[in-house]
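Shared between the two complexes below is chain A, which has chain B as its partner in the first and chain C in the second.
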Partner chain A sequence: MNIAVCAKRVPLSGGRWELTADGTEIDTSGASMGFTLSPHEECAAEAAVQLVEEFGGSSTVITVGVADSEEQIRSLLAVGIDRGVIVETDGGEWDPQGTSSALIEQVRAGSPDGAYDLVLLGTEAADTADFQVGIRIAHALGWPVVTNVKGLKITDGVARCERAVGSYREIYEVSLPAVITVKDGLNIPRYPSVPGRIKARKKSVDFIAGERPAPRLEKVKLALAVEEQRSAEILGTGTGNGADAVPALVELFRTIGVI
Partner chain B sequence: MSSVPATAKCVVIGAGIVGNSVAYHLARLGWRDIVQIDKGPLPNPGGSTGHASNFCFPTDHSKEMAQITAESIVQYREMGTFTECGGIEVARTTERMQELARRVSSAKSWGIDNTEIISPARCKELVPFMDESVIIGGFYTPSVGVVDSVRAGTIMRERGQAMGALTSIGNVEVTGIDVEGGTVKRVRTDKGDIDTEYVVIACGCWSRRIGAMAGVSIPLTPAVHQMKDIGPAPFFADAKGDIEWPIVRDMDTNMYERQHGSGLEIGSYAHRPILYSAEDLPSNAAAALSPTEFPFTQEDFDLQDEQALELMPDIVGDETVGEKYAINGILSLTPDGMPIMGESPEVKKLWAAAAVWVKEGPGAGKCIAEWMVLGHSEIDLHTSDISRFHDHQKTVEHVQARANEGFNKTYGIVHPGEQWASNRNVRLSPYYSREQALGAVFYETVGWERPFWYESNAALVEKFGDAVMPRTSEWDSRWWSPIINAEHLQMRETAGLVDLTAFAIFDIVGPGALDSVQRTAVRQMDVAIGKVVYTPVLAINGGYKSDLTIMRLGKDHFRVVTGGAHGMSDLKWFSDHLSADGTAQIVDLTSSMTTLGIWGPNARKIIEAITTDDMSHEGFGFSTCRVVEMGPLRVLASRISYVGDLGWELYVPMEQGARLWDMIAEAGVEHGLIPVGIGVYGTTGRLEKSYRAYGAELETEYNVLEAGMSTKKIKDADFTGKAAHLKHRDEAPATILCTLTVDDHTSANGEKRYMLGREPVLTADGGIITDSHGRRSYVTSAGSAPSIGKHILMTYLPPEYAVIGTKLLVEYLGEQYPCSVLLTTSEAAFDPTNERIMS
Partner chain C sequence: MILVIVDHDRGVLDPTSVQAISGALALDSEVDVLVVGAAGRDVVGELASFGANTVHLAVHDSVTDFTPVASARAALELISRVSPAAVLVTGTPRGNEVLAHIAAILDLPMAAECLEIALGNDGVHQVVRNRWGGNIMETARVHSTLLLAAFAPHAVRAESAVGTGTIAEFTPALSDADLAVRILDRVGEGATGVGLTEARVIVSGGRGVGGPEGFAILEELASLLDAAIGCSRVVTSNGWRPHSEQVGQTGTKVAPDLYIACGISGATQHIAGCRTSKTIIAINTDKDAPIMGYAHYAVIGDLHTILPELVAATRAAKE
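After this line comes the complex of A and B, so read on.
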């Protein structure tokens, strides 16, 4: 099986984000700023590695981004993806149409192992969250697409895709080649091992100069989400490891109906 | 909590291991109303303590560091937060094996027992997941352990709180520090202001920024130390507790590996230095993990991955073992690698306790608290003292340059004489170009470029032949030259000219000047104008704070001259002891005055050639000073000597120094004058005369009687440390400073070896020597004494060993060499009756 995984370098989101002065970008200038991949894409890569382990073949990760995206690409090579392709941008954010057109070109080109059988992506990028790229790729290639997938099994060239809808599960079966966008929870991505890191350094990463198509979406301004106001109520303090708080705690448990 | 107390006796800023320890020890020593704040939440506010590797290796070549670490381990143990696991520093190279032998020696010198050099097979036995074929040996310390520094901090806070002495509040950010009349008054925070008598800045890598709020320099820089945790490893599936196998330091790759539960932590000091400023540290809210856990940069760790794999293939090479956690952890680096502790020279009652790592935290906190409450710390802290820094050493450029250079020395093999390469040529004496022309080899002291020897004297090596005591070993002769000993011998024959510009010089003037120096110096300072007094300066415990010379230049005018290295600490000490009524002022002349020393049998003839003043012994007695005219210059000449020969120190304004040099050099031609480097001045000349040096023989741990420097009478006037000194005079000294000579230098392979200092001195059968106060005997200074053809060692010995002729051993790089006690007093090996000086 010949699989393409599409992934994107995004700012590390553990802490509070700040915006640039003009409000159009996430400020990534700080020394403590790090970059990562979205959890969905880590699951997509893990799925690709598992499928190659199961069926043989190879996997390629493709990204559209700055040259420094190599850091994220190598981290996927370290968990078992076989090679990487970076369509290099000048740093500006490409809109979903621009991004997908670059990816479509790479998917059409195939890998050294031939044409792709499957394209795996995260449902959305962790920073821009446009939910478009997977569908655009599938549409352009004329392939079936299943989005928001949380369960995946391939048998005899047919992908059985599960997605959660409310309290129900939907199951789709599509023939390969297909595009599947996956969600966090599809699997538990493995951590890179040290030998994996060392091997990753020797794997090939191709850099391809990207040409940004004229954007059709204009980004005017970003706004930070209003921070959720959290409050804590101290039920009791004092001696005996807070034993004074027990009656209040019991009362609270009664109120919320857990006892 | 939404507010802070309005007043406090002391505000401790920082709730990492250091702040917690300072707060607790202040409480233990009786202080109350201590308020501790941190901008992060308790118990882990997000500083370096929170992500520290938490292991303690007790051995360090620095005595001060070793002592602070030892004290810390005692405290961690007492709190039940220490897990002993042992530790091995492994060697991949023969050069490292020699270094490990040196570490065994340092361990013995500083009282760390049971360390040993072990074979690769024994390493494997102790750490079965190690590939012993990669290494050639190890330095094993069974007492290495892992601590829970966050828990220890919590215990210390709770103890302070239980005493009713301490209030600790998290999520309080300092916004300013108010200083009034040179004394700290108030800490401003986002939760209200706190009026306070004292402030301690224990803010780790933020300390520089917080200090700046009060106009105080805390010259440190945040720097990255990379580490990654891999696991779970099947090999550790049955591991019990936090740590079961010894920690391994792979010294030659600047890395360590430690088992941690089911995982392995791999840490590195090998990567490129990555330095930041406090402004780069994010707030707690903006930080992905914590403000001091920066995102891991894998490319900086690529080589370390491979080296860890080499040494621990069974764990690191297992593809099922993943990286669970990897960070660029932030810690603090200083320009000289030592912590920054003590009261700031800029603001009274504002103290720093920074650049202290987890292994030193509790000990450092205790030291600071003792210093604040009692006036001195049991452990001598002079190399950590915040007042040690000269102005240029406080600049961002200096701190970054030296931290950059020093980072990879963390596990490095650092020769005791090793010089810094970065940020040189900051302070140049007026003679610099002349010295360069003479082929001076420059060493640096607090920014000054000082000739250590002159290549122009190379021909003298041949002249004196074996008398220069040539060394064949690369280690013994690194940062050394036989020219030093040749210069020494020539100086003893004719005369030598020494550039002493690095002296720190300050004048104390005003009606209260006499009172000020009287209360600071041990010796009588109410002397005739024109007297030069060499005197100990004592801490309140009667131990050495310094030793220096003071000239009385007028009724209300004294000039203090002291070594550059400790000059700024001495300046602060004297400033702190000025008469309280403001009738004395201190003026730092270090950068205004330059000093040349001229000594040797021909020194008088040379000086007489350029002056018409009476320079005869009768006309210009020893220990006196006065202004004499030399050509167009008025020169303050002071007849003293630190090299044991006739001569003078000559002081002139900086801009006139070059003219003085030229006059002396010209007059010296016919009298065989040569330029002489600091190698002679600081080592050979003084050791031959058993002259003590502050920081080597003289420390607050040793008193005047032990140093053999007491006088028959003690002055009536009061001085700091007098009560303790009087007590010491009534006691038999527990140890006595002795001068030893090495009897046989021949090592096992036949090569002659020469000790460099800090080595353990042992009994004739190899036993450790400890005095009744628990202090080990070690070499305080070592060096050639070319005039007597011996290698001299100075060491403190308990009275039973301090007997002339006693046979002892000195351990150097794993071998033991016989030595004998030559002198048990301050009498000299060379010219004991001082005929030369008094001629």
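After this line comes the complex of A and C, so read on.
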């Protein structure tokens, strides 16, 4: 089984978000800033690794992003994805249609091991939450798509998908080839092992020049969510082991009416 | 005219999906609604009470439960017949999914997670939408003659309004491919216990809890407060607690009266799931943890010493 996983490098803040002076980007220059992948996509990658362990074949991670996305791609190679493809951008944001077109082209091209049987993505991107790239890819390829998947089992070329809805799960079945968009909680992604990291350095990552189409969903500016910057009222003396705050906590439970 | 697609589950209206009708009525006095499936007949009266005039009911023998592509095809048929200026939904999982199918088939842009929508008349519309689980807001232009947009859930309130609720029933033309992805079964219905989203109080634990055994004392406090247990992603990715308990951007969004965050640093992705809690108490060894900027009250110290004493004192107070 040949599997493509689509994953996107996104900024991660250790504290609060800051924006650039012109308000169009997240300021990634701060010391507490880093980059990461969405948990949804980490789960997609884990599922791909498990499926290749079960059925053979290979897995490829595809991203549309800056050259530095290689760091995130390698983090997935370290947990068992076989190779990476980066459709390289100059850092300007691609809208969901532009992103989808680039990914569709890569999925159509197939992997060195043959055509893809399965494309796994997150249900929504961590940063932009567009809820659409997987569905666009499916229509372009003429493949079925199941979204919001939190349970996946493949038997005889049929994917049984569980979709979490409130307190129950809906079951869908689709024949491969198919697109499946998954959610955090599908599995527990493994941590990279030391040998895994060493192997990842030798795996291939292809760079392909991307040309950003004119955005049809066009970002104009960003703003931070307006909320009062609170400063928590410290209960107790705030100096000891905290147990001196217990009477105040119980009093608070009473005031709020939870006891 | 604006077309709103609402969702029902076997004849029970999804109250969140109705919010888009109120959102649409603020933009245009003429709002038609699409409901898919014969059981949708049961919700027409209720839709009229939210201001729906014509309710287009798409009925097809093979559509007996949620079938995303069939819903999109029904909408496409209707769009070509009634030529709306916009198709709006509430961004529930089903709402987003059906709208994205429409966008993909028509190759039009789609804006999800909208807080505000302004229709332009020259094929350029403006929206304000959530990014990063509501931590950041984006102003964006949508270049499209037909605007396809999803309101973020609870971005608009469902308001009662008077509509006629006239039914216009039709049978959409569907191919086998349109019916290929559909619900075959449901499992785990009727689960018990205080659910995270319904709980008035949530006792939530993060990395600071230290391991699965550490949650025993959180559970004791939870049972005294009739609370549900929540946790951070570090906890679920370590396998200490099930993912169903994860609060946050990729977990569950909650809004209890009281949220007690024990050993949780307050990453924005965690806060995205609990920021609307009425009262937040943080218990943390680090007085500079980001959670202090969101919590109303804080106790600085080791949760392993504080919680046993808090459990004892709470138990005593209840007696």
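What we mean here is this: the second predicted complex is superposed on the first by the 221 of 259 C-alpha atoms of A that agree within 3 Å, B and C clash if a C-alpha of one lies under 4 Å from a C-alpha of the other, contacts with A are read in each partner's own complex, and residues count from 1 in each chain.
In the analysis below, a residue touches a chain if its C-beta (ideal position, glycine included) is under 8 Å from a C-beta of that chain, and two chains touch if they have at least 3 such contacts.
Keep in mind the model is a prediction, meaning the values are calculated, not measured.
Judged by the touch definition given at the top, the superposed model places A:E162 against chain C, while chain B stays out of reach. In the superposition on chain A, contact is made by A:R197 with chain B only, not with chain C.
By the document's definition of touching, of the two partners only chain C reaches A:P39; chain B does not.
Legend: residue contacts after superposition of the two complexes on their common chain; A:A232 is shown touching chain C, with no touch to chain B.
Of the two partner chains, neither chain B nor chain C is touched by A:G92. When the two complexes are overlaid, the chain among chain B and chain C that reaches more residues of chain A is C.
Once the two complexes are overlaid on the shared chain, A:G114 sits clear of chain B and of chain C alike.
Judged by the touch definition given at the top, the superposed model places A:A126 against chain C, while chain B stays out of reach. Shared-chain residue A:P213: touches no atom of chain B or chain C.
Within the superposed three-chain model, A:F253 lies in touch with chain C and out of touch with chain B [touch as defined at top].
Counting contacts by the rule stated earlier, residues 13-17 of chain A appear in both its interface with chain B and its interface with chain C. Contacts from chain A toward chain B in the complex involve residues 12-18, 30-36, 71, 74-75, 190-198, 201.
Within the complex formed with chain C, the residues of chain A that make contact are 13-17, 19, 26, 38-40, 95-97, 123-124, 126-132, 135-136, 138-140, 142, 144-148, 150, 162-174, 183-185, 188-189, 215-225, 227, 229-236, 238-243, 245-247, 249-250, 252-254, 256-259. Of all residues in chain C, only 66, 68, 91, 93, 96-97, 100-101, 103-105, 107-113, 126, 130-144, 150, 177, 180-191, 195, 197, 200-201, 224-227, 233, 236-237, 239, 243-244, 246, 249-251, 257-258, 267-269, 275, 278-279, 281-283, 287, 290-302, 305-306, 309-310, 313-314, 317-318 touch chain A in the complex they form.
For chain B in complex with chain A, the residues that touch the partner chain are 230, 276, 280-283, 285-289, 291, 294-296, 298-299, 302, 305-306, 308-309, 316-324.
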